[in-house]
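Multiple structures are listed underneath, in structure tokens.
Next come two complexes built around subunit A: one with subunit B, the other with subunit C.
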Partner chain A sequence: MRLGRREFITLAGGVAGGAALGRVSLRGISRLNEALEPPSALYPGEEQWLRSICSLCSGGCGLKVRTVGGRVIKVDGNPIYPVNRDGICPRGQTLTQLIYHPDRILAPAHRSAIDQPWETSSWDQTLESLASTLRRLRGADQQNRVLMVSGRSRGLTSKLCSHFLSSYGSNHFFELPSGMETSQRALEFMAGIPNDGKAYRMAYDLENSRYILNFGCDLLEGWGTPAHTMRLFGQWRDIKRGRRTTLIHFGPRLSVTAARSDEWVPVEVGTLGAMALGIAFVLISEDLYNRSFVESFSFGFEDWTDRSGQAHMGFRRWVREEYRLSRVSEITGISSETIVRIAREFAAQPGSIAIGPQQSPVQPGRLSDAMAIQALNALVGSIGTRGGVSLIPEFGWPLPVADGNETMRTASLDGLVAVLDQSPEVLILDQAAWFIDSLDDAHLDMLNRIPLIVSTSPVEDATSKLATLLLPDCTSLESWTDGQSPSAYPYDLIALTPPVIPPRGDSRPWGETLLALARMTDPALESVYPWKDMESLYRASANELSRRENGYLFGTQVDEQWQRMLERSGWWNPDWTSEDEFWDGLVNKGGWWDPATWVSEPQHSFQTVSGKFEFFSQRLEALLREKGGIQPGLQPSVEWDRQILPHHADILPDNAPEGFEWTLDPYEPLVFFGGASRQIPFLQQITSPYSGPRGWRSWIEMSAEDAHRMGIEEDETVWVESARSRIQRRVRILEGGKPGIVGAPLGGAPTTGRWARVESTLAEILVPISDPYLGVRSHATTRVKIYKA
Partner chain B sequence: MARWGMVIDLDKCTACQSCVVACQVENNVPSMTPEESLKGRNISWIKVVPFPEGSFPEAKIRFLPLPCMHCDDPPCVTVCPVDATNINEEGIVRQIFARCIGCRYCTTACPYTVRYFNWYEPIWPQPMEQAHNPDVSVRPKGVVEKCTFCHHRLQKARANAIAEDRAVVAPGEYTPACVESCGPKAMYFGDLDDPNSEVSDLSRSPRAFRLLEELGTRPKVIYLAEGERSGTTG
Partner chain C sequence: MKTNMQRRFLFLLGKLLLVAAVLPLYLSGQTTDTRAGLIVFREKGCASCHAVLGEGGVLGPDLTRTASTGNPLELAAAMWGHAPQMWQRMKLEHLELPTFTTEEMENMFAFLAMIRSFDEPGNAVVGQQVFQAKQCATCHSIGGQGGDLGPNLTTVASLRNPVAWVAGMWNHGPGMVRALRERGISFPEFQGTEMVDLQSYIRLQAGAAADEKTYLRPPSTERGESLFRSKQCINCHGIDSGGGTSGPDMSRVVLPRRFGEIATVMWNHEPQMNRLAAAASISYPQLEAQELADILSFLNSLSMRWTGSASAGAKLFESKGCVNCHATTPGQQSPAPNLGKIEQSLTPITVSTIMWNHGPRMLEQMENTSMTWPVLTSRELADMIVYLESLKGRGQRPVRSPSSGGTP
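== the complex of A and B ==
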């Protein structure tokens, strides 16, 4: 406020008068201060550096936030957060644009139909309208007509979501796939998990890996936790660390990861499993595999006979007979020399690991491929070792309730679509733009038939476009936010940060909305969820955690080295002695972790039928018998072993219909990974580091060879037609891309808000391919033809 | 007197473009409307440029983060008729917006094409301007802008040094936003004249090269070429 002479005299008079009366009028002084405050351009306010956690993907990187005068100015990586230590991906940087987005939803609202205008209402009113529906359905014993789809696959709010749903009585909680499900499933079949009722997750010790065979994972785009992978990538190539970690990338598409790896091996589409088995062939034929592990701790490597006397083929003979180099070379399109060379390098040193296959919500990948890849890890003895792979207990924020049962979480798109067929009545979309991205028009029609769709999005997006009720969440910087070990991360970790700024407008943290909704739906739930807000819930949860006898509060890298040294000598020096100390430490340091979670010992006992690592998974056999209706005693055909052993199966038929000469490979680019970032202008401007269209449009990537042959120019619009439908896309030309392969990103222009643009979704043309053994979709690679629009 | 310079290790760069966004947020660079964006009018003081080499299967794509090179002999400074761009004693090529007359000689003279002209008044849809960095001025229509090595951060660091009675800015006290945000730690920043600094050490690496060195611009952004193991399989 600028101060004119007249106002100054009026104000000063007021204060002087007050002072003369013996008591200074507080209001007078504050008004005077306000008036004397220089214009904001000269004094923008106090500067603060605060900590928070990113919520733009499930990784949850630690943030260092600069605020000036209570406004968020800049977001960077938190140097003491173990996952990302300083660095941050471009998405985290754009939190400022999300917080101050012109299309933020700042108050709860409702509308009678999606073509009607929104009416804002109070939180109580809006929640009551949802709670009354929930009560009615419960009264009619139709709780299963309530669905929730969530993008937050980790953290306490996610637990609260699934627990709320289960105490309400619905079984339908769907979460964003972590992208590791298929690899984890394969490892569970082969290495087994303890039957102790606990949840387990697959983790890679990539920090210590020395030679990485990457079967298609977009490590530098939509995979795991981007800022963590980037940090690792820098470490792999850090000359000060000594020997370089070699990264070999297998995959048909010239992805950023392929371009940045040490070697790109452009295998044909859908042949990752065959490639892995070709490498296994060399390891076995040249006697390069880890004998001590394979001979003592594996099952099904040599031919064996089961209890009924039936002879079975061992993995060794299977690979030597079926995956000869000439055949693998023919399937994958890669020369035998290359396969031999890579296999020899892979076996040459400890710390070798095979990871993959790549998975995304529309392409969970094939179990048989994933098993072939895990078999490689067993052949070099990298299960549980330094730089290897292992299954470790899932660790996270405990929900401090008497009955900790949650609704079973499903991360399968197919499962979700099946439920949509059962006429649901309420669909709650919580950070679920990724889900809408995976749907085609027919599925969207199914959504449109649902009477009540609730969106929690803090900004207008694909979910708010479909919704008739808005319960706007705020961003992670405006609320208490937690973190927990992201997928594939090898250490136990939990983190917590208080709000950096108050919620904008009338938005509310979704966790608090849920607590209120629970109480309004059923007053009896008050005793289940006695917390008035998320802070008290975190406090109760942290009290449970404080009873752990391991781990440390976050510290610098020097602290980390010291703690590891202590642990190696069998010591543990706790940073806290009471619940209060733990809480204070947690909030001040930002989190707790155990840098000694990864044991780095070769795993020697396995929770499988044989107690060993199973190249022939007896659990998978039992499952397939059950599915195929085969009695335990009966012997199936001789083809039986082939289905159980890791194998290759073609995903696309050999003969393409005329004109459909390209194979479209959908993928998640870094900026749209996990959905939800379409509205952010800074991200739209950097959609891909390749040249070509400059954002705000969806695109496809074609090889320069194909583009020249077709006379297609950079940035030109083309039709992409599959057996199902056709869509328009702009073209990015990739110099050096593999001819015949077309990359297609999930995500694109915003579908709603001021920058909305109508575009057909990619899902419209995708033809899902099923996994023959699991019966669910595994791929969405699709034969297409491309012609100028 | 320091001579500020940057080293970018291309071997470690993941082409994530975190540096691009960090710079835009730090320096109040406006994001363009979709229409302007599609015309190629995005302003990014640092951009990641792909350099494809060879054709399939012997192809390789290199990615080069490209900020202002802060040349010791900058061609842009020579052509500026009003001294709106000059090089200071610490080697930072400055841009003084109040003096710029928008002639764009400098954008033409710069061989690295890292100078941007403001064709329009910047647009900040309400309330996006709330996130403006108060340390950096918002440029008006008609002036040229470019990377300043986050010069305002140097001023702050220097003010801190003076307040603490130190003669010089300590190593690591002054870091541009792009370097700070880099996930794989591929970017280094510091005093090239300090023989003990990491940047001067790296600038003497056998992998070090400068862009278009033959033009005699003497850039202070130094790249480290990729490691030995790089290739494609046929």
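== the complex of A and C ==
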């Protein structure tokens, strides 16, 4: 079935007409899918089920792909892929729509300016035009005028990007933030990491957690790996396990996670740290904390004196004096009884864990809040233990080069914006639509001044709209695709799958494009990157991995338990005996992992100044002394110890300006997080059914109480105005939402392509708030007023 | 009723079996599949109630943390004794009662025997106490503190298997003993899981150095038996009365069930063994970690054997009231099946299978006649099995059941 745009609109409009806002007609979606199928609806030929890996978010779930006659028909979860084990989120299922998207970019192209038409050209010609610019800048010693922004935070292609930039001489490589950065820094300050030059990552053993205090993380939306988290939700409620994991969600917004939790505690905006310290108050006052851990393996819990004889306040006294229940209740808006009850439940059993704050790429949260949350984990002894949190060595695909130097990755949006201010000449946007979503008009103007913007997007999107050179990547199903432990995942894992179908048109895997670009830019790099294609590179990398003497090729859940029991007891029964066997096994089974990565013994040794878990981080103190205190002007002067100890500080001024009575809380819905999915009709449709000629539109969420008071109806259009600007949005009314809170999704309607809709971005009105310690954006929570359009 | 001739035969048979001592059960290890045993354990729903090494349900005990060895007889006796409780609880929890084939039961027993020989991660807090009490820091350093006479323990922090740890100590045993003597420090002996706890403490102290992991490959009972001879262990230690006599006969020694604990027992006797070996002009055996694991696997397999007495079984058959329901003479009628007609070879595994599959009906009939479920010790079960086998005129034949050899 093939439809033109007019027919499609009619069809999709019919879908919306038959469904209330927020609900979807399955029949309508089915018809919508048919509209997006490739030209022939009949696919003669052999049916195959092949494995691949999803590239639509950094989680990288394993896929089982049905093809008929060489066409991709259906995508499901791979049952032996440990991260998602059969499960798959709605994004993964839309890969077919991405492959056969009518706005696919199927050949390299260039144009003289963004308002000029595209001209297709050969790969050699297009690459040479970029390579010649790179050579010129290098000749002028201006390599730092080249920057790359990538949505790939893991995998061999990502390593290739950073190594290529390093070889070339540019220091500017920005990657999609995971949202865990602030929480990880907090844990690094308090628990430390070895100074061994290795990268470490923060991970949770949520599978074995029994009681979870979730401080604002959208677990079921843009957090970690959606399919993995959804699987965990199922396990937490699986009666066969003989116990139920309790999930308590703290946060002002009635999110999907809040609604699906055992209890939603609607704290005031910006009070997550205070809530954590209120719980700490109860644990300490009622003597419910883990004495064994705190007394033997922590530092700074009691008052102490440093080498110079200076007395310092201990965490115990700090919390007892500053975070009494009445004060915490006043700050958070939650009753003392609720705080006491939750604290007692939290301390009642092993496997309790506190996660957060937020951990969203757009709102990673504040360091002081994150430290308060990690202090809770220490109080119940959940650092580096079963069901707890830990910092584990980052393990991934090795790049088999003699010189392993890579350009340092930066995940700071503010840092990236600062570089844009330095007149870059070449900007390479690789899976970077998320980046454009985060920019307001002023930033976009800065981008428009860059002479050469390269997009690797396989489909028309926000990056191709800005670009003058297209080097189209293909989808993960059309190329060798790798996987790696996603953020927060507790096990070491690497995965690899061959192409399910050949690349469509003249698109090419970005990794192979980079190899070619490196050779064209500098022939000397040919010896550094001797591989003719990505398969050869993966093979060389896999050969290095085959020398490991731990872990197993992917298998069933029985294999998983079997292998974990073997390794935990000191035995290892390898699946391979040679490089060839490892390669064959890797490709056939889809990957390797170590199900015994997670510590089986509680962590009692810490890489901190004291060698213990530090409630008073001496590393943070040293850092602040170096800086002369926290950044001037961002925080009022306070006593020295109060800067170091976990604490609460307001993020918004107490008194809202006249009329700005709502607090807008931006979030990343499942379908749009990472920014890459705006073009996919199915994903647009499940969030925002097509509204006829008005197209797909973005929205805000208001409580029913506020909407009723304002006389605002469902789907009515309103102005949302902040101190910076105002935008229009339609309204979704949430029964049970917290009054005074307005939720607003990032992402939204496509900005380019056949279904593009001109719409102001949310970034236009957001007023970012910086973390006073880290100097990076921590929140985008903004005071707004709302009125009918 | 038994004839006098039958009674005399049973008496003689019982004597014979007692003299014959032990009968090998888990030695062949060719046909059972311990991984398949895990599948059975999960698919039959056992894992819903029972955990192994901490993974699984919590309604019943963790089957790797109960006191008995992995000997199939003990497992069968425990299963027999607790079956009515299990059925009752499963009924309460609305759990489906599974049935087992003999092969499934055999694989599951092999799995449980194997998993019970696994060491669990140690307790670093206890390990620290051991480290201090044994004065390890006098000679060894860890985390930048301690003596430098012996190797820095950070260098062995990657070892994940206690057997590898003991092998390292064993190979340096004579030197350690000399050094300790010179410093007036007594030879460190370890109890229970202390060695594993110590290893856990060393790993934690070593920090990132312990991130690297060195494992041993699953040991081979056959290789272990061969090494037991080639390393001249047999010259001092007998097996089934064959071999040397200066050390204990390893087929008669009751060893702990976990590999690390067996290795600890071996380490505790190091000075004595060294002395005796020197006296007998036997060179001190250097053992690769894998070789030691193989030898321990062989020794572990010896504890999987069992024997019984037909005459004692005959008495039990009466005293436990079995005779009230089951006939044993061919052609005789009885309310419950005639056990003399069972064609299947009886072993702890086949008995467990029959008991589990038919037990609920048996229990119901017993409850209807106000009889109590007979509880049997492992010894009693062995006697009963040998007795029932003897009814088929096959009682003198060793009762064998292929299994894993008790090794991973």
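To be clear about the criterion, the second predicted complex is superposed on the first by the 727 of 789 C-alpha atoms of A that agree within 3 Å, B and C clash if a C-alpha of one lies under 4 Å from a C-alpha of the other, contacts with A are read in each partner's own complex, and residues count from 1 in each chain.
By definition in this document, contacts are C-beta pairs under 8 Å (C-beta built on N, C-alpha and C of every residue); 3 or more make two chains touch, one makes a residue touch a chain.
Quick caveat, the model's predicted, so the values are computed rather than measured.
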Determine, under the contact definition given at the top, whether A:Val558 touches first (subunit B), second (subunit C), both, or neither. second
Is A:Pro393 touching the first partner subunit B, the second partner subunit C, both, or neither of them? second
Which partner does A:Ser605 reach: the first (subunit B), the second (subunit C), both, or neither? second
Subunit C versus subunit B, contacts on subunit A by residue: B
Which partner chains sit in contact with A:Lys788 here, subunit B, subunit C, both or neither? Use first/second/both/neither. neither
Just to be sure I read the superposition right, which of the two partners does A:Asn550 touch: subunit B = first, subunit C = second, or both, or neither? second
Looking at A:Asp196 after the superposition, I want to know if it touches subunit B, subunit C, both of them or none. Which is it: first, second, both, neither? second
Which superposed partner A:Leu566 touches (first subunit B, second subunit C, both, neither): second
Subunit C contacts subunit A in the complex at 35, 38-39, 42, 48-49, 52-53, 55, 57-59, 115, 118-122, 124-125, 143, 159-164, 200, 203-205, 207-208, 211, 213-218, 260, 408
As the complex stands, subunit A meets subunit C at residues 194, 196, 198, 240-243, 292, 296, 393, 549-550, 558-559, 561-562, 564-574, 600-605, 607
Write out the stretch or stretches of subunit A touching subunit B in their complex. 41, 44, 68, 71-77, 84, 86-90, 93-94, 96-97, 99-102, 220, 226-227, 230-231, 233-235, 237-238, 244, 246, 254, 256, 259-260, 262-266, 334-335, 338, 670, 681-686, 689-691, 693-697, 703-705, 734-739, 749, 754-755, 757
Please output the residues of subunit B touching subunit A within their complex, sorted ascending. 9, 11-18, 20-22, 24-26, 31-34, 37-38, 40, 42, 44, 48, 50, 52-57, 59-61, 63, 125-134, 177, 180-186, 227, 229-234
